[in-house]
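Written out below as C-alpha cells is the structure these notes cover.
First chain written, first letter: the chains are A, B, C and D, and each begins at residue 1.
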Amino acid sequence: MIDIIALRRDLHEHPELGFTEFRTATKVVQMLTELGYRVTYGKDAIDDTSRRGLPKPEVLEDAYQRAIHEGADPAIVQQMRGGFTAVVAELQGEQEGPTTAFRFDMDALPIRESKSDKHIPQAGQFRSSHEGIMHACAHDGHTAIGLALAERLSDRKFGGKIRLLFQPAEEGVRGAYAMVKNGMLEQVDRLFCIHLGTGVPSGHVRGASAGFLATTKLEAHFTGVSSHAGATPEEGRNALLGASTALLNIHALPRFSTADTRINVGILEGGTGANIIPEHARMVIETRSTSEETNRELERRVRQIIEHSASMHELSSTVEVIGGAVPIRCDMELAELAVQQTEGIAGFTCAEAISDGASLGSEDASYMIRRVQEQGGKATYMIIGSELPAPHHHPEFDLDEAVLAPAVELLERLARTLL
Amino acid sequence: MIDIIALRRDLHEHPELGFTEFRTATKVVQMLTELGYRVTYGKDAIDDTSRRGLPKPEVLEDAYQRAIHEGADPAIVQQMRGGFTAVVAELQGEQEGPTTAFRFDMDALPIRESKSDKHIPQAGQFRSSHEGIMHACAHDGHTAIGLALAERLSDRKFGGKIRLLFQPAEEGVRGAYAMVKNGMLEQVDRLFCIHLGTGVPSGHVRGASAGFLATTKLEAHFTGVSSHAGATPEEGRNALLGASTALLNIHALPRFSTADTRINVGILEGGTGANIIPEHARMVIETRSTSEETNRELERRVRQIIEHSASMHELSSTVEVIGGAVPIRCDMELAELAVQQTEGIAGFTCAEAISDGASLGSEDASYMIRRVQEQGGKATYMIIGSELPAPHHHPEFDLDEAVLAPAVELLERLARTLL
Amino acid sequence: MIDIIALRRDLHEHPELGFTEFRTATKVVQMLTELGYRVTYGKDAIDDTSRRGLPKPEVLEDAYQRAIHEGADPAIVQQMRGGFTAVVAELQGEQEGPTTAFRFDMDALPIRESKSDKHIPQAGQFRSSHEGIMHACAHDGHTAIGLALAERLSDRKFGGKIRLLFQPAEEGVRGAYAMVKNGMLEQVDRLFCIHLGTGVPSGHVRGASAGFLATTKLEAHFTGVSSHAGATPEEGRNALLGASTALLNIHALPRFSTADTRINVGILEGGTGANIIPEHARMVIETRSTSEETNRELERRVRQIIEHSASMHELSSTVEVIGGAVPIRCDMELAELAVQQTEGIAGFTCAEAISDGASLGSEDASYMIRRVQEQGGKATYMIIGSELPAPHHHPEFDLDEAVLAPAVELLERLARTLL
Amino acid sequence: MIDIIALRRDLHEHPELGFTEFRTATKVVQMLTELGYRVTYGKDAIDDTSRRGLPKPEVLEDAYQRAIHEGADPAIVQQMRGGFTAVVAELQGEQEGPTTAFRFDMDALPIRESKSDKHIPQAGQFRSSHEGIMHACAHDGHTAIGLALAERLSDRKFGGKIRLLFQPAEEGVRGAYAMVKNGMLEQVDRLFCIHLGTGVPSGHVRGASAGFLATTKLEAHFTGVSSHAGATPEEGRNALLGASTALLNIHALPRFSTADTRINVGILEGGTGANIIPEHARMVIETRSTSEETNRELERRVRQIIEHSASMHELSSTVEVIGGAVPIRCDMELAELAVQQTEGIAGFTCAEAISDGASLGSEDASYMIRRVQEQGGKATYMIIGSELPAPHHHPEFDLDEAVLAPAVELLERLARTLL
C-alpha cells in the first residue's frame, strides 16, 4: 500500500516547474498503469499549441535530461519530451454509472527553499534537491492524494467511471486549458478539484469556493533597431520608449462600471548598454476581472495599446497569451455532498459548503469546471484545510501531512457515492 | 507726397491679425492703383487652399465687418472677404530689364498694447484701437516703407519691372507659401525682403541674413467619446490620455546627428469638466531644424506619434499644417549691392553684408526666396536696424521712425540699379 | 398665495451659476422675510474660506451687477456681494418640539438652453434670458417648492422649529460644505433633502437614496518659465511636460481592493503658441470612491503625483479643492415616514422607501446629512419623480410642473408630523 | 625580445572585463618589473572610491579566482583583489628632462567572439577562451604595444622620465578618473594616448583627434513595495511606473542652444512576475554633450527627473555615476611632432595632424589629458590606423597585426625626442 507521506516527501524533494514535471508525471504514469488504469499521457493528454507560457526549448531539455538522470523510465518520459507532462487515467467500475473526475496539479515554483532547521523538510531531509525550485503551494500533497486515491479505487467497487487528471503548470494558470482543448474533460459528469491550505485550518473542509477572477497573462515583445546613442541616435528605433509608453497607458486604462478589474505590468526589461539605443524590450502583463467579458475587453484594450505604442516609434510588436483563467461557479449540490461525506472521517472536525468572500485569486481548473458544466455536468472546487507555518509561495511554506489521509478518504467516499 | 510717419501711425492704430488685414490691404490696393500700378489682389493674389492656419470663418467675418465699419472701400474689400488679403502690384519701367521684387508683410500680433505714458504710441495717441491686437513686430513700418517706395518709383525711371508684394500672415509663417503657390513670384529676377529692428541698431544695414531654420507648425485634434466619469468611465474614449501620451513622446523623439533640431508642443487643451471623460483635445506643435530634410523627417515622426497615440485609445486624429518655412540662403551679390548703395544715405552710418550667427528664427519669406532662386534669380533678406525700447512681440515694442525714410531711399536705389 | 408655476418660470428665466445666485437669493430673502421668518444670509449664512470652486472676482462682480440691473433689492443683495448667496430661514411653531430642516439648491448650469419649439420654456416664453446659463437640473423647481412650503408653514401650526436651507453652488458639489462650516446645520433633528426627476417617473416618490460616492474635485496649476522654443529651449521650464506626466500617472494609480474607485482628469489646458515653451497649465481632476477613506487616499496620491510631476521639470504647482462630497446613508425611519405621508396626496401614485442600486453620482447635501447625523439627528435624501423630455444637464431638459404642488404638500405634511 | 604578435594573441585569448584584468595586469607588472621599471599597482595605482561602475563583489572574486587558476602570480595578483587592476611604471632616463607618459587600456568587452573560420583568431587558434568576453576594441593590441615599448626603452637612452600607464576599464569610461584621482598623472609633461583602428586605414597615423563628447553614465535604482496585483494592488508601490515615467521624461528633456546634446536610457529592467506589483527597477542612462557644462546641466536634470518620478509613486531612488568623460582638446605641437616622427618608419604611408569631424564618441583618457594640461603639460590622443574586417565591438572585429611594430617604433621615437 502506498505510504502517502513518503510519497509526498519524495515529490517534495524533486520539485519540477510547469511543463517540466518529467520525473513526477513519469512516476504517476508508472503507478497508475500498475494499478490497472488506462493511462493517457504525452501528446495524447494535452494539446500542443494550446499550452501557455511554455518554457524555452533549452529549459525543457535540461529538465528532461535531469529527470532521466534521476531515474525516470526512459520509455515513458520520452513521450513527454518537449513539455507534454499531462497524465489522465481512467478506470471502469463494476456497475454502469456516471463519470466522476478528480483533478490534481503537479508543478512547483521558482523559489529557493528555506534551509532553516525549523523548516520540517530541511530537518526531515526532504528539502528540495533542485536548488531554486520548491513545492511551495502544496501540489506535492495534491499529487500524493491523487495517487493514494487511485490505489483505493483500484478495487473497482464503484458505479460508473473514475477519471483522474494530473495537470502540469497550474502556476501561472497555464496547463489546464490545453488539457481541455485535447478533450480530457469530455463526458465528465462530476468533477472535484481540491486545494490544500489557502488559509483554512487543519480539520476543516470547504465544499466549494467563490471569488475566483477571470485573468489573462500576456507576454509582449517590442523590437526596434539599435544604434549608437552618440553617433546616430536618429537611426535607432527605441524599444524602451515604446514599452514605457505602453506600460503607463496600460495602467491608465479606465476603471469599469461593469465589473471590478485589476491590471498589472509585472515585468519590463530591455536594452543592452548605456550607449546603445535599445532594440528590444519584453513585458509581462496581467489583467483580471470578476467578469470574464470585462476581462476580455481589458485584454483587447491592452493589446491595442501595445500595438500602437510600438507603431508610434516604428517598432514591431508581438503579444502572446501565456496564461489565463475564467471565473468559477461551483455546483452547490457537490459542495453539500462533500460536507455530508466528511461525517465520521477521523481528522475532520468542521465542514461548510462555502464561505463568504473567499478567493484564491485565479485558477485554471476553471476551464475544466466550465467544460464539465457546459456538458450538463456538475463541478466544484474544494478546500481541504491545513495549518501552514508560512503563506503559500513562501520559502518556509509547508503543509500539515496529517491532513493527507483524511483527504484521500473523503475523495474515496465521493467517488463511491452516486449523487 | 506720402507722409510715411503719418501712414505708419495710421497702420499702427489699426492693426489686423494674419489673413484679416482687410483695412490695411484695401488701403494698399487703393494707393497703388492711384499711383498707376497694375494691382492684383483677392483670390488672384493668393492660393485659397494653400493658406495655412486660416482663422475660423466667424473670426474672418468679424474682422471684415470691422474693416467696412472703419471705412474700407467696399468694392475692394469684398474681393478679400474670407481672408484673401494679399496684394501684388507691378509697374513697367521706361526701359526693358529684369523684374525686381520687394516683399512687405502687413499683419499684427494678438498682444494687448501697453498704455504706459512712456510708450510713444500711447503718448502720441496712435496706440492700437483694436484692443488685444498690436503691431509689435514692425510690419506697420514695413508696409509704410512699401507704399512710400511705390510712390517714388511711380515715375517709372528704371529699367525692367518692379513688383511689390504685400503679404498677409507672416506671424506663424503662414501667408507667403500660398502667394508662391499662386504664381506671385514667377519671373522675378531679384527679390529684396526687409525687416526692421531684430537687434540691429538704428543707422545700421545688414545686406543678408543667416541662420534661419526650417520649421513646420502643426495643429492636431484628438477626438474620442465623452462619458460620465463616475457612472460609465469604460464607455469613454479619453482624448487627453491620447494627447498627453503624444506630447511626451513627441518631446522624446531623438536628437539627430544630421542637423540641429528643435521640437515643441506649444499648446494643449482638452476636456470640459471634472466629471466628464474628455472627448476632444487640441495640440499645436512646432518642429525646426537647420536642415529642411531633417525637419521633414521630424514632422513625419511627429505625425506618426499623434496617429498612434490616438489609435491606442481608440480616438480619431487629424493633423494639419498651419505654418512653415524653409532655411534661407541669401545671394551675397545682392547683399553687397545693398551695402554699396547705403553710401551717402543720411541716417545710415554702418553697413555690412552679413553677420555671423545672426538668426531670427524662421521666416516664410524663405519660400519666396527659394522660388526666385529656383528660377535662376537672386534674393536676399536684409535688416534695416532700429533702436527698440522693448523686444519684438512685447507690449512696449516700438520702432524708431527715423529709420523709415532712409530705408525707402535704399530700396529706391536698389530698384533703380541694375546689377 | 404663491403661484408656484409662475414662480418656477421666473426662476427658470433668470438662471444663475453657483455662488452668483444674487437675484434668486435676494428674492428668497425678500419672500421669507415677508412671511415672518427669521432670515440669515450673506456672510452670516456661509463660511467665506470654505466655499469651494468660487468663480473669479470679475465673474462674481458681473453677475452681481446683472442682478441689480434686473431689479434685485440693493439693500439685500449687497450683503451677498462676492458670492455669499446662501439663505437660511427659521420659524418657531406653536408648540415646542424638534427642529426640522429642508434643503433646496438654487444654482443653474453653464448650458445654452434649447430654442426648439418643442422645448416648453421656449414655447412658453420663459427660456433663459441669461444666454449660456440654464436651469437644466431642476433647481428652479426645488427653490420654488421651498418658497411655497415656507408660505404654507407660515401659519406656525406645527411643533418645534422649521429651518429652510437655500444652498448655492450644488453643481460641482461646492456650496453645502461652507454652510455646514458656518453652523447652519447645528441643532437640526430631522433633515429632508429632495431632488426632482433623476429617472423616477412623475407620480412616484422615493423616500431615500443610496449609492452616492465620496468625491473630491481638485484644480491644479503648473507654473514654469516660458522661453523661445527655437532660440533657447533649455531656458524654459515646460508646464505641459509636467502636466501631461501628471495626467498619465494620475490615471495609472492602482485599483483598490478596499473599495470601488474612479479617477478622471477632466480638463487640461496650457501653453500660448507653437514657438513658446509653455509656462502654465491648468488641470481639473476628480476622484471618487464608495469609501470616503479610500477617496481620501486617492486624493493624497493625486496630490503627490502633481507635486512631483511639477518638481521633476522644476515647475511650481498648486492644488486646490474646488468641490467634494461624502457618501450618504439615509435614515430609513424618515424614508418610511415619507412613504406613509404620500398617501392620499393627489398626484402621487406610487411610493417606495428605497430602490436597489440607485445612484445620482455625488451630492454635497451629504455634508449636511452627515452633520445632522453626527448630532444624533435623522436625515434622508428623497426623490420626487418627474417625467423628463431629456436627461439632466441637457439643453432640452425640462421638469413636469404638475409634480410641484404634490411635492409641496408632501413636505408640508412631513413638517407638521412629529416622528 | 618580446614577440609582440604572440603577446597580443595571448592577451586576445584571455580577455578580461573592466576592473577584472587580473591576469593581464599581473603579466604587465611582471614584465615591467623584470625590465627594471619602478612599478606601482593595486591600491597604490588607483583610488578605491573613485572607480566607477565597479562590478559586484562576486563577479570580481570569480574573475580573480580564474586568473589564479590560469597562472597569475599570486603574490602580485592578491594586491589587485577586489578590482585594483591599474599599473603604472616609471623609468629614469640617462639625462635629466621632462616626464613623458604613454597610456594603454587593457580591458575587453562582454561580447561572444565569432567562431567563423574566416575570423583569424578562430582560424589561428587564439579565439577567446573566456566565453562571452572578447577583445573587440583592440585593447589587446594597445597593451602589447605598451609592453614592447617598455622593452625598447629599458636601455634608458632618453632624457627625463618615462611613465607608462596601463589603465583598467576604459569600456564604459570608468577607470581613468580613479587613476587621476590617485595622482598617477602628476608631474607629467607630455602625454601620448593611442587607439588602433577607428576607421583609419593601415599605414595611416593621425596625430590628434577631435570631437570627443563629454559624457556621464548613470545607474539608477527605484525601490518600492511589492504586493499581490489581484488581492491588494493599492498596497504596492510600483517601481516600474516610476521608472517608465522617468524614462519618457529623461528623453523629453529639451534640446540645448548652448551645445549639441545626446541622451539615452540604455537599459531598464524591473519586476518579477505577472501577478506582483514590481518592487524594484534598474535603469542605465547616458548623457553627452559637446560642452562639459551642458553635460553637467543635463545630468542635473536627469537626476531631478529620477528623484521625482520615484517620489511621485512613493518609491525611493538612488543614482550613481558609473562612467564619465570630458571633451578632449589635443595639443597640436605633439600631434605635429608625431606626424614628423612617422617619416621613414616602414609600414607608415600617410600621416596627418588632425582630421575634420573625427570622433570616437567619448574617452576617459580625457581626464588624464586634462590633468596634464592643467599642470601646464601637453597631451594628445593619436590614432594608429588598422584595417578592420568588422567594426569595433563586433563579434568579428580583429586588428591588423602588421601595424603593431610600426606603432611601437613611433612611440619609441616620441619617447626619445625632447620637444
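Definition applied: contacts are C-beta pairs under 8 Å (C-beta built on N, C-alpha and C of every residue); 3 or more make two chains touch, one makes a residue touch a chain.
What you are looking at is a predicted structure, and each value in this text was computed from that prediction instead of being measured.
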Taking contact as defined at the start, I'd like the list of chains shared as neighbours by subunit A and subunit C.
B, D
Name the chain whose C-alpha centroid is farthest from the C-alpha centroid of subunit B.
A
Approximate Å spacing (C-alpha centroids) for the pair subunit A, subunit D
49
Round to the nearest whole Å and give the separation of the Cα centres of subunit C and subunit D.
68
Two or more other chains in contact with one residue: find those residues in subunit D.
231, 233, 238, 241, 245, 248-249, 251-252, 254-255, 262-263, 277
Going by the contact rule at the top, pick out the subunit B residues touching subunit A in the complex.
231-234, 236, 238, 241, 245, 248-249, 252, 254-258, 277, 297, 301, 304-305, 307-309, 311-314
Within their complex, subunit B touches subunit D through residues 248-249, 251-252, 254-255, 260-263
In the complex, go through subunit D and note every residue touching subunit A.
172, 213, 215, 217, 228-231, 233, 238, 240-241, 243-245, 247-248, 251, 262-278, 281, 284-286, 288, 322-323, 359, 361-362
